[in-house]
Amino acid sequence: MSQNPQQQPRYSGIATFMRCSYKPSLEDVDIALIGVPFDGGVTNRTGTRHGPREVRNQSSFMRTINQETGTAPFELCRVADVGDALPESPFELTQSHNSIQKFFERVLACGALPIAAGGDHSITLPILRALAKDGPVALVHLDAHCDTGDDYLGSKFHHGSPFKIAVEEGLIDPRKTIQIGIRGTVNTSDIWSFSHESGMRVIYMEEFYQLGITGVLDEIKLLVGEAPVYVTFDVDCLDPAFAPGTGTPEIGGMTSYDALQVIRGLSGLNIIGADVVEVSPPFDPTGVTALVGATIMFELLCIAAESKHRKDRATGG
Amino acid sequence: MSQNPQQQPRYSGIATFMRCSYKPSLEDVDIALIGVPFDGGVTNRTGTRHGPREVRNQSSFMRTINQETGTAPFELCRVADVGDALPESPFELTQSHNSIQKFFERVLACGALPIAAGGDHSITLPILRALAKDGPVALVHLDAHCDTGDDYLGSKFHHGSPFKIAVEEGLIDPRKTIQIGIRGTVNTSDIWSFSHESGMRVIYMEEFYQLGITGVLDEIKLLVGEAPVYVTFDVDCLDPAFAPGTGTPEIGGMTSYDALQVIRGLSGLNIIGADVVEVSPPFDPTGVTALVGATIMFELLCIAAESKHRKDRATGG
Amino acid sequence: MSQNPQQQPRYSGIATFMRCSYKPSLEDVDIALIGVPFDGGVTNRTGTRHGPREVRNQSSFMRTINQETGTAPFELCRVADVGDALPESPFELTQSHNSIQKFFERVLACGALPIAAGGDHSITLPILRALAKDGPVALVHLDAHCDTGDDYLGSKFHHGSPFKIAVEEGLIDPRKTIQIGIRGTVNTSDIWSFSHESGMRVIYMEEFYQLGITGVLDEIKLLVGEAPVYVTFDVDCLDPAFAPGTGTPEIGGMTSYDALQVIRGLSGLNIIGADVVEVSPPFDPTGVTALVGATIMFELLCIAAESKHRKDRATGG
Amino acid sequence: MSQNPQQQPRYSGIATFMRCSYKPSLEDVDIALIGVPFDGGVTNRTGTRHGPREVRNQSSFMRTINQETGTAPFELCRVADVGDALPESPFELTQSHNSIQKFFERVLACGALPIAAGGDHSITLPILRALAKDGPVALVHLDAHCDTGDDYLGSKFHHGSPFKIAVEEGLIDPRKTIQIGIRGTVNTSDIWSFSHESGMRVIYMEEFYQLGITGVLDEIKLLVGEAPVYVTFDVDCLDPAFAPGTGTPEIGGMTSYDALQVIRGLSGLNIIGADVVEVSPPFDPTGVTALVGATIMFELLCIAAESKHRKDRATGG
Amino acid sequence: MSQNPQQQPRYSGIATFMRCSYKPSLEDVDIALIGVPFDGGVTNRTGTRHGPREVRNQSSFMRTINQETGTAPFELCRVADVGDALPESPFELTQSHNSIQKFFERVLACGALPIAAGGDHSITLPILRALAKDGPVALVHLDAHCDTGDDYLGSKFHHGSPFKIAVEEGLIDPRKTIQIGIRGTVNTSDIWSFSHESGMRVIYMEEFYQLGITGVLDEIKLLVGEAPVYVTFDVDCLDPAFAPGTGTPEIGGMTSYDALQVIRGLSGLNIIGADVVEVSPPFDPTGVTALVGATIMFELLCIAAESKHRKDRATGG
Amino acid sequence: MSQNPQQQPRYSGIATFMRCSYKPSLEDVDIALIGVPFDGGVTNRTGTRHGPREVRNQSSFMRTINQETGTAPFELCRVADVGDALPESPFELTQSHNSIQKFFERVLACGALPIAAGGDHSITLPILRALAKDGPVALVHLDAHCDTGDDYLGSKFHHGSPFKIAVEEGLIDPRKTIQIGIRGTVNTSDIWSFSHESGMRVIYMEEFYQLGITGVLDEIKLLVGEAPVYVTFDVDCLDPAFAPGTGTPEIGGMTSYDALQVIRGLSGLNIIGADVVEVSPPFDPTGVTALVGATIMFELLCIAAESKHRKDRATGG
């Protein structure tokens, strides 16, 4: 029998992301798949700390080639599961973010492109801190919420605010930031005013269906252009029928098919990193949310591998 | 910390509808949110008696403002959870309906507009008996079933017949009644003949998608006009992917997004009451159906609050 | 009370398919509903051996008439649950297939048209062996996977290969075979090359939405024409939101509404048999997948009853 | 392969009680296994109407011989699943009880000993009405509740009162009635005073463990002696760890092992009928409660078959 | 119908603890039932923040009188649900504990005896800080873990250390502290050395069964005597068969029956407060753990009401 | 932060058995923890192929020291997760067993003691074939079934027969074999006659409680003495309340506490290998069965590590 875990029965063996080799050493890694089991920033239901484990588990359903696009990420790049970015002091948000940031700095120092599985959405902040050392990056953000809110219950850093802070710290360029899938109730009518005032493009669900996938993709490409771009995928952008296992579900979201079309349409962008967040296994009895998370992670891997491969070839890498 | 429950963590506190004040006294209430935990009228799976509790629980996910429409119902009206309309003798259908009717009569006597969470669909009958004292009202009815059937297993009053009886008793005007989302198998080819013969507008799922939301809304507005209208939402109008926890699921239904668009499109009508029925927690392990129920209840609250506010202002109320 | 089980409360009585009479003798049966509780051919998650039981259980939700199309299958034909095609030696794939084949041969010898509930997709092979005695038949195949793969883990016969073998054995005509709903990751870029090279029409999910239901149905009718046709429905053609309980879920699939439209559109074809496969109850906590399976089985029964009735009348049968 | 369903794979075939033949005709039946899918008498959680279906389903786990006692019930007697005692008008308690009574009268008229699976505990009342035509019988009653309460919410007939009414109607002899496993909270300190004042022997859980199984069995035998005895088993006599799927769970109950020992210890009594009630599948996600119900039903079958066999032989039957 | 919620159907109405009146004002309250929805101190699985809601929900199963002991707590004392002790800044452990402490200080200032439902076990520390103003109190502690550990992951305050800190702060008297049910694996052999060295009595599960309930109760009474005593019940003292929904389950625990016997045996002690902690609804699909939590809370209420009643009468209160 | 996975948060990182290092190379391993994800031998419900994954997942709950016995297995021996013994051709039982056997032969050749997690019980046969090269070994077998049955459905090798074959092949000495926990129904009264006639000691559940743990342990020690002994633990020896997630549950089984006492009592025996089998995650929604499996595996590790350590020290290893 082949010793390649990806060729063995999918229920077998150690559950790494997509049955890749486990390389905590980071050696010979082009793309690093990383778990970030931290949910200290949630405002309601917890549980996303268990996300990386279950995304790893369900990611065994992934095979090696993207049938729709033809991309074979494991041939384009050396992909590995490099383990978890663990918070040093999980009871304290700021320090936790610092340790996550350091982990990603180490990954980047090794030349690897990071793709993360959360964890709550607050983790994207320390990842961006590690990534945007040379100036603000573009952001493609699928979510039911803009996550550009103010302080909540006395804390500035939580899973509803990372992108406000990211702008304030110069990590993302709001004019190259697009937020897609926004919907649901709010507590103040101007809760996302930061998004609007800073110049982000916000596509609410109604507009999403009015524009259609092609229209949305056109806007993304226009906005992002050649800029280095980070893609962050909150599973609550999907309707709870497709992703019930998340902390803040909002009905009326997009379908899995919609989401796949958007991610695939990002092919050609200059991807520098990506994440899938807010998969919450305790609220996901069938595992279907973790499966969605794993599949989206695979799609992100495909567009990232293409991008990485293009750049490495261009630079003779 | 704010003493307003709607500003506190959503997992905390007593679970009232949308974390409103609990006012069984009915004092100072413009809109009364009411549980009707009765399922004595079901023909197959029971469990909707547990609906109000779980809709209350999941309704903590609701915030105070409708992001899409901008409506702020709690600013327009004084909204309260006024408790449950309890059947006096839950083992007997007719008496149970009588006690439900009395509860709603008391609510109306206090000048409050009622929005109910069931319970099975038979509860809409006693609600209409309380509401339609001045002649038949219009009805917007989302459902997989017309619920205008004949006697079943020896009983006239069950959850498959309330709207036939409502016409017969002069509670609703069939020519101002529209039934949307009908589908599934039937036991006699003319089971809904009462709907057709009495002049109701029946939109089956196929026609629903052919007309599109705009087309459906045009028909509703044409039919209902300025008439006082009751809106009744059976969660089984949704596909079981979106609302598995119900007594009589039928595949091939609408999405949550479709349903939201329909309800929001009713803005401007002269709403006099509304309900969400057939949420059955024992068949809803993820709670997603109760969440849908709670969100639809919030959307109904928004259009009802606008309507109530308009009228109260017009009458100097 | 009526002695007809289909008129009794749906939670009551022995669970046969659609509450039909149980006739293991096969006497006076025009259409035979058959369970095939075999999952010895799966490559990943098992459990479809429990499919027939749960499809029977959920099929009590079915009533007797198709509201959309008006078809009354139990009036057109004598329909019965004839029991299970049991593998004689469930630990051995080839012998199991032989016993399944024999069961269907006996059904056909009695003049009955078979509609089966699996089991894994490998069961369609022995069914076709029984059916295609007079030459290759046409095939309408809804699935996420073409199931025309090569050997897997040392075995030629598994649930990912039946249609390759069926072509090789002359059971189906590849130029009259259409595969609909294909998507997901693959392990080799040419995994379904057999489908393409043998002349099958493969409609991937993207093309499915580009063509629309009408376009897809046009292609089916053009391809199949008057040929005797078998319809095989793998529930994983649906998105896991609609059918989570299956062995190899792939996100991005069609909705239940889409599937209903396709099956109903097959009306008029010369149907000689059909199946619903890959319902896996252990992964289906809400039973919604078994309900989908039962409803699709009812829709298949409707088009098959029409076809059988037409032919029997034509031949004076 | 053997045509005996009890020899075939346990996941296969039509789900009858213990895979017995289905004989609604009642011909050639010594012991009739009967479903009573009625839960119109519950005071809190519904769902036991689904009990017979799931007990049938899980009863496929049963094999043919009691390993501990050596009893082979299917050799001693002709055992059949005779279908469900259906309430004619499920919305009305009294009429429902009447139709259940008639069903059991028909069973008894055929000379068969009935063993029922409920349904809620109110069903034991009409069964006793059918059985106790010749004077009051003895009763062995395992339960968390005495079920000898007064009217509840305006109804005399509900699942908390059957044994009070049974005494009043002369169906059971209270001095030959023993109630075992009683515990939990009560709403009035004298709620079970009828049990005590009428002369029933009530064994609360604490006394149950003080006496031990042997002590309990000694008391039963002393009380019951040679009298014809009915055994009624409410699964809530078990701790919810062993039987979570029931309407009124009370912690601190007996174990499955305890219950098996009690039932087996009844061997030798003059059993005239028995039931297992209050299995509620909607609250039983693992099916373990239905499995307990099916196993207890098998144990009741064993002691009943011995008793029936003894009597039939004695009378030359 | 009675307006007393405790006399109404148990599935109805607002879910307060044991269907008591909701009195956030704390007026006229002898015993305050309090939710503490805080789980910021957990070291592994989160979710106990949802505990108070679900314990409230399941506590509707409670009736008003303890059948075994005859205690009628609602007659002895005025009992109310006074709402939740909410952490002001849920992202920060120390401040959260401070706000919990303040809430309990306010309760005590009103003369009410507090009974809390957690939340994780770290909440007992701020409760004790509020209670032990006049010197260390005695502690009866049922748990799988001693919770007297050292710092964990850089934090001193977590749910594995409260009782070490409580001794250090002079809140509990270790020689009047008894820990019951300890078991499971440990990471350092001297993890609970603080318990042993400070003089606590630690009863491991093996000794628990060797002593028997009577022996355990004798030790408790000997140790505690007349001292004011706090009772803290971690549901993980139970075997996961009885309480699966908890953060740190350890197999081999006691049964619900054992636990009931221990709590009832505390009758007569000078109870000054009590809690039930670590009920984690996301890991409790059947709700059975919340039911256990609610029932234990009722039993704690009974012994506390007796104690409070005795003292109030003694002091002419 | 410590780099030792066993010191990190238990929800984090790659899920290996007990968070040990993953060493597929088998280098420097004294005790090899092995998954055997094979369920091709089951006669009813499948799913144990998913057992190793979930036991690995839940085994993160394990810490490093056995509190009750003081054993610190990771200090006594070098313990590693060496991956899965994968069947080469999972569709064919005999070849699958051969590949499992080869895997264990390689483990033994490296000098490691194997502890396996199944998989169905048929896997113990190839393990014993690898282990018993020098003559029959003793066997301690906890199970609800003797698993010494005859051919089933045409196959000799299935999960109900391994120990009959093991005797026939001279792998185990029946006079040094003890089977504990046997119960449930059977299809032939002499199904386990092979156990009795070959001289095995069979302890049925009733005798288990009559003897008590001490009595059972005395018998085991008397029988096994100094002989090399294999311990096989089928989780269905436990009552389904403690281990619902298994293929063939039988009510009336032992508790987790009982099982822990038996395993701990084996300390001092000459352990040469052990396994835990029949954990079936698809039937285990709370994960409690996998937790039991993981804990028993830890206890087996403790007694095996003591034994291995003693022997290695004796031989200067």
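We just call them A, B, C, D, E and F in the order they show up, numbering each chain from 1.
Basically, a residue touches a chain if its C-beta (ideal position, glycine included) is under 8 Å from a C-beta of that chain, and two chains touch if they have at least 3 such contacts.
Note that the structure is predicted; figures quoted are calculated from it, not measured.
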Other chains in touch with both chain C and chain E: A, B, D, F
Of A-E and A-B, pair with higher C-beta contact tally: A-B
Centre-of-Cα separation between chain C and chain B, whole angstrom: 38
Interchain centroid distance [CA atoms averaged], chain A/chain D, Å: 56
Chain F, residues touching no fewer than two other chains: 1, 9, 11, 45, 49-50, 88, 90, 153, 239, 241, 283, 285
Interchain pairs in contact, sorted by label: A-B, A-C, A-E, A-F, B-C, B-D, B-E, C-D, C-F, D-E, D-F, E-F
Interface residues, chain D side, partner chain F - complex: 1, 6-7, 9-11, 61-68, 70, 72, 239, 241-242, 255-257, 260, 285-286, 288, 291-292, 295, 298
Chain C-touching residues of chain F, taken from the complex the two chains share: 39-41, 45-47, 49-50, 88-93, 95, 153-155, 157-158, 282-283, 285
Partner chain A, residues of chain C touching it in the complex: 43-45, 153, 182-189, 204-206, 209, 239-241, 244-245, 248-253, 283-285
Complex contact set, residues of chain C against chain D: 1, 8-9, 11-16, 22, 35, 37, 49-50, 52-53, 56-57, 81, 83-84, 86, 88, 90, 99, 285
